[in-house]
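The next part holds the structures, each set out as C-alpha cells.
After this come two complexes, each holding chain A, first together with chain B and then together with chain C.
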Partner chain A sequence: MRAKSTLENYLFILPALIIFSIFYIYPFYKVFQLGLYDWDGISPTKVFVGLGNFKEIIFEDKIWWKSMLNASYITLVALTFQNALAFCLALACDRQIRMRNFYRTIFFIPPVLSEVVVGLVWQWILDGNYGILNNFFVKIGLPHLARNWLSDPKTALNCVAFVHSWKGFGWGFLIFLAGLQTIPRELYEAAKVDGAGAWQVFKRITFPLMIPVMVLVAILTVLGTMQAFVLIIAMTGGGPAYHTEVPVLRILASMRGSSRFGYACAQGISFGVILVIVSFIQYRLSRKAREIY
Partner chain B sequence: MLNIKYQKYILSFIFCFLFFGCSSKKEFAKPTITVWHWMTDRKDAFQELSRRYEEKTGVKVNFELYAPSDAYTQKVRAAAQGNTLPDIFGILGEMRDFASFIKAGYVEDLTPYMEENQAEWKERFFKKALEVNEFGPDNAYGVKPGIYGVPIDIMTIQMLYNKRLFKELGLNPENPPQDFSEFLNIGKRIREKGLQGLVSGWAELWMIDCLANNFAFNIMGKDKVIKTIKGEIPYTDPDWIKVLTLFKEIKEAGLLYDGIVTMVNKTAEQIFANERAVFAFNGSWCVNVYRGMNPNLDYAVMLPPKVSEKFPRSIWGGAGSSFMVNANSKLKKEVIRFLKWLTDKEQQIFLSEATFNLPANKESLTQIHPRLAEFADDIEITTHPRIWGVSEFPRVIEAFDKGIQAIIIGEKTPEEVAREIQEIKEKELAKKRSQKE
Partner chain C sequence: MKHPLYYKTKKITLSILTHLFLLIVVASCLFPLLWMIGSSLKTQQTIFSDMSLIPKEMHWENYYHAWKQGGFSRYFLNSIFYTVSVVTGIVLVSSLAAYAFSRFNFVGRNLIFYTFMAAMMIPIPGSFVPLYVLLNKLHLRNTQLGYILCMINVGLSTSIFLLKTFFDKMPKELEDAARIDGCSKLGIWWHVALPLAKPVLAVVVVFNALNVWNEYVLALIIFDNRNLMPLQVALTTFQGEFITQYPLLMAGLTITALPIILVYFLMQKYIVKGVTQGAVVG
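Now for the complex of A and B:
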C-alpha cells in the first residue's frame, strides 16, 4: 500500500522530471560532452581532447579572463549604482507622493526596450563627433570634457556599465517596490508612536525586512549582468581592442569566429560553474547578513 | 450494427483513400527547389527570377531568406548537423568552414557539371570568381580538388573618396593620392578644414584585416604572406611591423574618423553617404547602399595608396556571394539546370541592374552601372584568403586585428602587437603539431 502511494507520488512528478531532463539536464550533459572535444561544429568527426579545452581556458586564455574582469566590473557597477538607484526610487515611490503611478511607469520603460535599440540610441548620444553629450559639454562651456566615449579605452567600459545600469534599474525598482509594499504598515505606525525618526525606521524596519528582496535582486543582477552581451554588441562590439569584451562575446567568438565549437562549449560550462559559485557565495553572505539583523 | 447505407459510404471513402493514396504523385507535383540565402537586398530580385523560372520550366524555386548573416550561418550549421540542408545554400565564413562542409559530405563537387560541353558553364565566370569556390591540388584542407560553388556575383573592396570634399580641400577630384605619403599629406588639410578622414567599419575585424592584407601584399608580396601563414616567417619580421606601423601613421596623420575602432560598417556607410568623411574603405556592394542613402553623393573609387614599389598592389575581391549544391539533394539535376539558368547572361544582367552588384558572368559586365564598372576595373588584381590554399589560425587573425585597434587607440606599439601575435601563432602551431602526433 505504502509502495503504491510512493509510486503514485513519483508518477505525479514524472512529467515535470521528463521535461526538466530533456530541456535542462540532457543539454547540459551534451554541452559538457562537446566541451571534451575539438570540434568545428560541422565535421562528423570530433577529436577527443579530454579536459584540454578547460585547461586552456583556465591557464592560457588571457582574453577570457580579461572578459571575466570586464563583466565583473559591469556587475559591480550594476550591484552598487544600479541597485542603489532602484532602491532609492522604490523608496520614494512607496510613499504617498504625487504622480506616483506616472513615475512607476516611466522607471519601467528602459527595461522593456530592446537592448539593440537602447545600445544604438546611446551610441548616438555618446558619439564623439555628433553626439548629444559632447554637444552639451560644448554648449555649457566645457569642451575639454568632450571625447570619443565609446572608442576611448578609458571610458568605453564605464559607458557600457552605465548604460547597462540605466537599462536594468527598472527591474530592481519593481521588485524593491513590491517588497516595500509587503512590509506591514502597522510596524511603521508603531515606530512613529514610539518616537522613531526616519533613519531609525529605515534602519530597524525597512532595511532588515528588505534583506531577502535585496538578496534576490542582487542574485538576479549578478546573473543578468554577467551574461549581458546584446547591449555591448550594439554599442562597441567588444572593442576598442578587448576593452568591453565579456564572456558571452568570447563564447560567440569561439563558436562563430574561430569555429571552435568544442572550446565554446567548454567556455559555456566554465562560465556556468563560475556563476553558480558566485550565486552560492552571495546566498551564504546574505544568510549571514540576515543573522546579523 | 451500422446501417447498410453508412457502410457503403465508409467503404467508398476507404477505397478512394487507398486508390489516390497509392497513386503516383509525380503526375501532380512539380519539383520545388529550395534555396536558403541571407541577401536581404536581393530578396525581391530572387523572387522575380523564381517567378520567371517557374513560368519557363514549371519548376518552382522557393527562395527562403534568413537574415542577418550571423543567424543564417548558425541555421546552416544546425541544418547540416540535422541533415536538413536545402537543395541550394550558401556557406558564409572562411575557407576552413567551407572545407569542413565538403569533407562532411554536404556539398556537391560541381567540377563535372562545369567541365561538360567544353566547359561552357565554367567559361562564363570570371576566373577570380570561381577561384574562391575552388580547391586546388595539394590544398592544406585535405579536400578533393574541384569546384564546389557557383558564384552569383563578384565584388572588390577598395577605397572611395568624396569628390565634393576633395574640391573643398583644394585637391583635384580626378587625381586621388597614389602613394602613401601623398595620402598622409591629405591628413593635414583634412585637420585644417575640420573634416574627418577615412571611415570604415573597423569594429568588424575582417575589414581591418582586409586593408592590412592589401598593405602586406604590396610591401612583402604574396609568397611572404603565405609563408607567414604557414609559420615559416614570424610576425615580428620587419615587413609585418611596417604593415602595423602604417596604421599608426594613418592615425597620427589625422586621417582616421574618430571612433572608427568601434564602428560597424553600416554606420560607416551612413557617415560617408552623408558626406561627413572624405575617404571610405568599402566593398562594391556599397554602390547600392549609397544610392539608397544619398543618390546625389559624388564619389569615385581608388586603390589603397601604394606603400612600396617592390610588389604590385592587391585588393580583396572575387566572388561576392556563391551558392552550393546539397550533395544529398534529390533534385540535383534540376538544381544544376536552375543554377546554369541563374548564371546566364540575361539573368545576371537583371540581377546586376536590380541590386547594383557586379555580375559573376563576364559577358554581363558590358551593361552595368558606370560606378560599378569602376569597381570591376580592378578585378584582375584581386586576391582573397579563400584562394591562398592555407588559412591563418582564427586566434591569430583576431590578435592581429585587435592589435591594430590597440595601435589606433594608442595603447600598444606595432612592435608590441607583433610580439603578441607571434606568441599566439607559436602556441597555435605547437597545438597543431601535438594534434598531428
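Now for the complex of A and C:
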C-alpha cells in the first residue's frame, strides 16, 4: 500500500521531470562538454581542444568583445533612461489620478508585442529614404537632421537602445507601480501631519522602501537586456559593420554561420558566467544600500 | 499663510503637467502601431509619398494578399496550433507536478522542486546550440512535436512556481472530503484541485500563450520547412525576400500583433498578475 502510494506520487512529477531533464538538464550539461571541443555540428568526430575555445574568445575574438560592449551600452541605456522613465510614470500613477487604468493599459502594450513586430515597425519608421521620422524633420524645416538612422554607425546603436527601452519601460512601470502600492498610506499621512514636504516624503519614505524593488528591476533589466537579440535581428541584423552586434547574435552566428558548435557553446558559457557574476554583484550592492538606509 | 487660491492653482497646474507628461508617453506608445496599421492600408506607390496617418484610400485588399500570397494564413494557423498545444501541455504537466510538490511527501521532493526553481534564475545563453544537436539526434528537428516539447519546457518552471504557491494557500478540506469518498489522487487533482485553481490557471494560460505566440529563436533553429514556421519567423523571412513590399509586410505585422493586443485587452488582469508575481521569483 505504502509502496503503491509512493509510486503514485512520483507519477505526478514524472512528465515534468522527463521533459525538464531532456530539454533543460541535458543541454545544460552538454553546453559545458561541447565547449571543450572543436566541432562542426555534423561530423561524427569531435576534436578535443580543452580550453582552446575560451582562449580564442578572450584573446582573439575582437568582434565578441565589441558585441559585449554594445550589449553593455544598450543595458546602460535601459538601466538609466528606461527605468527612470518607468519610475517617474509609476510615481505619477501611484497617486489618486484620473484615467490611471487607461495609462496602465496603454503603457503595457509595447511589452506584450513581439520583438519581431516592434523591430520591423520601427525599422520602417526610421527608414532612411521613406521613413516618417526623416519626413518629419524635412517638414519642420530641419532636413539636416534626417539620416539613415539604422545604417549610420553613429546612430544605429542608439536607435536600437531607444527602441529596446520603448518596448521595455511599461514592464518596469508595472513592477514599480505594484511596489509603490505596497507602501502603507498611513506612512504618507503621518509624514504630512509632521509637516514633511513632498521631497522629504520621497527621500525618507518612498525611496528607501522602494530600494528592494529597484534592485529587482535592475537585475532583471540587466539579465534581459544583455541577452536581447531578436529586436536587433529585426532592426539591423547586427550591422552596420558589427555596430549593433550583441553576444547572443555572435553565438547564433558561430553556430549557423561558421558551423563552429563547440565555439558557440564556449561563448555561451563565458557569457552566462559573466551574467551570473554581474547579478551577484548587484545583489550584494543592494544589501549594502539597504544597510545605509 | 498663502491664499487658498495659491494652493488650488498649484494643485491644478501640477495635475495638468502630470497628465500632459503621461499623455505624451501614451502617444509615443500608440503612434508606431497606428503607423503600422495606416501603412498596411496604402499601396506600393502611395506608401512612399502619402505620409498621412490615415490614408485617403483604404486598401483593405492588402490583408487578403498578405493572407493568400504572403502565406500568412498558413503561418497564422501554425502559430495558433503551437500556442494551443504548448499551453495545454504546460497546464497539464505543470499542474500535476505543482500539485505533488504542494500536497505529497516523497523523497527528493525539495531537491527536485528547487532544481526547477534554479532553472528560472540561471541564464544559459546559447542553450539553443545543444538543443539543436539533441533534436537532430532524436529526429525531432524540423518537426512540430520537437518545437512543442521544447516550448513546454520553457514555460515549465514559472508555471510550476505559480501553481504551487496557489495550491499551498488553498484549503485542503474539499480534497479530504473527496478522499474519504474514495476518490483517487489523480481524480482529486482533476475533479477538485484543478477547478479550484481556475484563477491561477488563467494566469498560467495567458502568460504562456503570449510567450509562445511571440517566441522566435527556437522556431528559427528548429524549422527549415517553411510550411511549419510560426508567424514570427515567417515575418523575418518574408521581410528578407520582399524587402520593398512594405504594405504587405505591415499587413503581416498587423495580423501578427492584433491577436496579442486583443488577448491583452480581454485578459489584462491576469497578465498584470503574471508579470508582478513572475518578477518576484525571477
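In this section, the second predicted complex is superposed on the first by the 267 of 293 C-alpha atoms of A that agree within 3 Å, B and C clash if a C-alpha of one lies under 4 Å from a C-alpha of the other, contacts with A are read in each partner's own complex, and residues count from 1 in each chain.
Throughout what follows, a residue touches a chain if its C-beta (ideal position, glycine included) is under 8 Å from a C-beta of that chain, and two chains touch if they have at least 3 such contacts.
These numbers come from a predicted model, not from an experiment.
Visitor: Will chain C clash with chain B on chain A after the two structures are superposed, or do they fit?
Guide: Superposition result for chain B and chain C: clash.
Visitor: Contact-wise, after the overlay, does A:34 reach chain B, chain C, both or neither (first, second, both, neither)?
Guide: After superposing on A, A:34 lies in contact with chain C but is clear of chain B.
Visitor: In the overlaid three-chain picture, which partner chain does A:208 touch, first (chain B) or second (chain C), both, or neither?
Guide: In the superposition, A:208 touches no partner, neither chain B nor chain C.
Visitor: If we overlay the two complexes on their shared chain A, which of chain B and chain C does A:268 touch? Say first, second, both or neither.
Guide: The answer is second: A:268 touches chain C but not chain B.
Visitor: Identify the partner contact of A:256: answer first if only chain B is touched, second if only chain C is, both if each is, neither if none is.
Guide: Touch status of A:256: both partners.
Visitor: By residue count, is chain A touched more by chain B or by chain C?
Guide: C
Visitor: Examine A:242 and indicate which partner it touches, taking first as chain B and second as chain C; both and neither are also allowed.
Guide: In the superposition, A:242 touches chain B alone.
Visitor: Of the partners chain B and chain C, which touch A:10 in the superposed model: first, second, both, neither?
Guide: Second partner only.
Visitor: On the A-aligned overlay, A:151 touches which partner chain: chain B = first, chain C = second, or both, or neither?
Guide: first
Visitor: Kindly point out the stretch of chain B, out of 8-16, 62-70, 134-142 or 422-430, that overlaps with chain C after superposition on chain A.
Guide: Given the superposition on chain A, chain B and chain C clash at 62-70.
Visitor: Both chain B and chain C touch chain A; at which residues?
Guide: Chain A residues touching both partners: 41, 129-130, 256.
Visitor: Would you tell me which residues of chain C are touching chain A in their complex?
Guide: Residues of chain C touching chain A: 15, 18-19, 21-22, 25-26, 28-30, 32-33, 35-36, 39, 47-48, 51, 92-94, 96-97, 99-101, 104-106, 112, 115-116, 119, 122-134, 149-150, 152-153, 156, 160, 185-186, 189, 210, 213-214, 216-217, 221, 232, 235-236, 239, 246, 249-250, 253, 256-257, 260-261, 264-265, 268, 271-272, 275-276, 279-280, 282.
Visitor: Which residues, counting only chain B, touch chain A once they are in their complex?
Guide: On the chain B side, the touching residues are 70, 73-74, 77, 80-81, 93-94, 96-97, 100-101, 103-106, 196, 203-205, 257-264, 276, 394-395, 398, 402-403, 405-406, 408-409, 411, 427, 435.
Visitor: Which residues of chain A touch chain C once you look at their complex with the stated criterion?
Guide: Residues in contact with chain C: 6, 8-10, 12-13, 15-17, 19-20, 22-24, 26-28, 30-31, 34, 41, 85, 88-89, 92-93, 97-99, 103-110, 112-118, 120-122, 124-125, 129-130, 132, 135, 166, 170-171, 174-175, 178, 216-217, 220, 223, 227, 229-230, 233-234, 247-248, 251-252, 255-256, 261, 264-265, 267-269, 271-272, 275-276.
Visitor: Chain B touches which residues of chain A in the complex?
Guide: 38, 40-44, 47, 60, 127-130, 148, 150-153, 156, 235-237, 239-242, 253, 256-260
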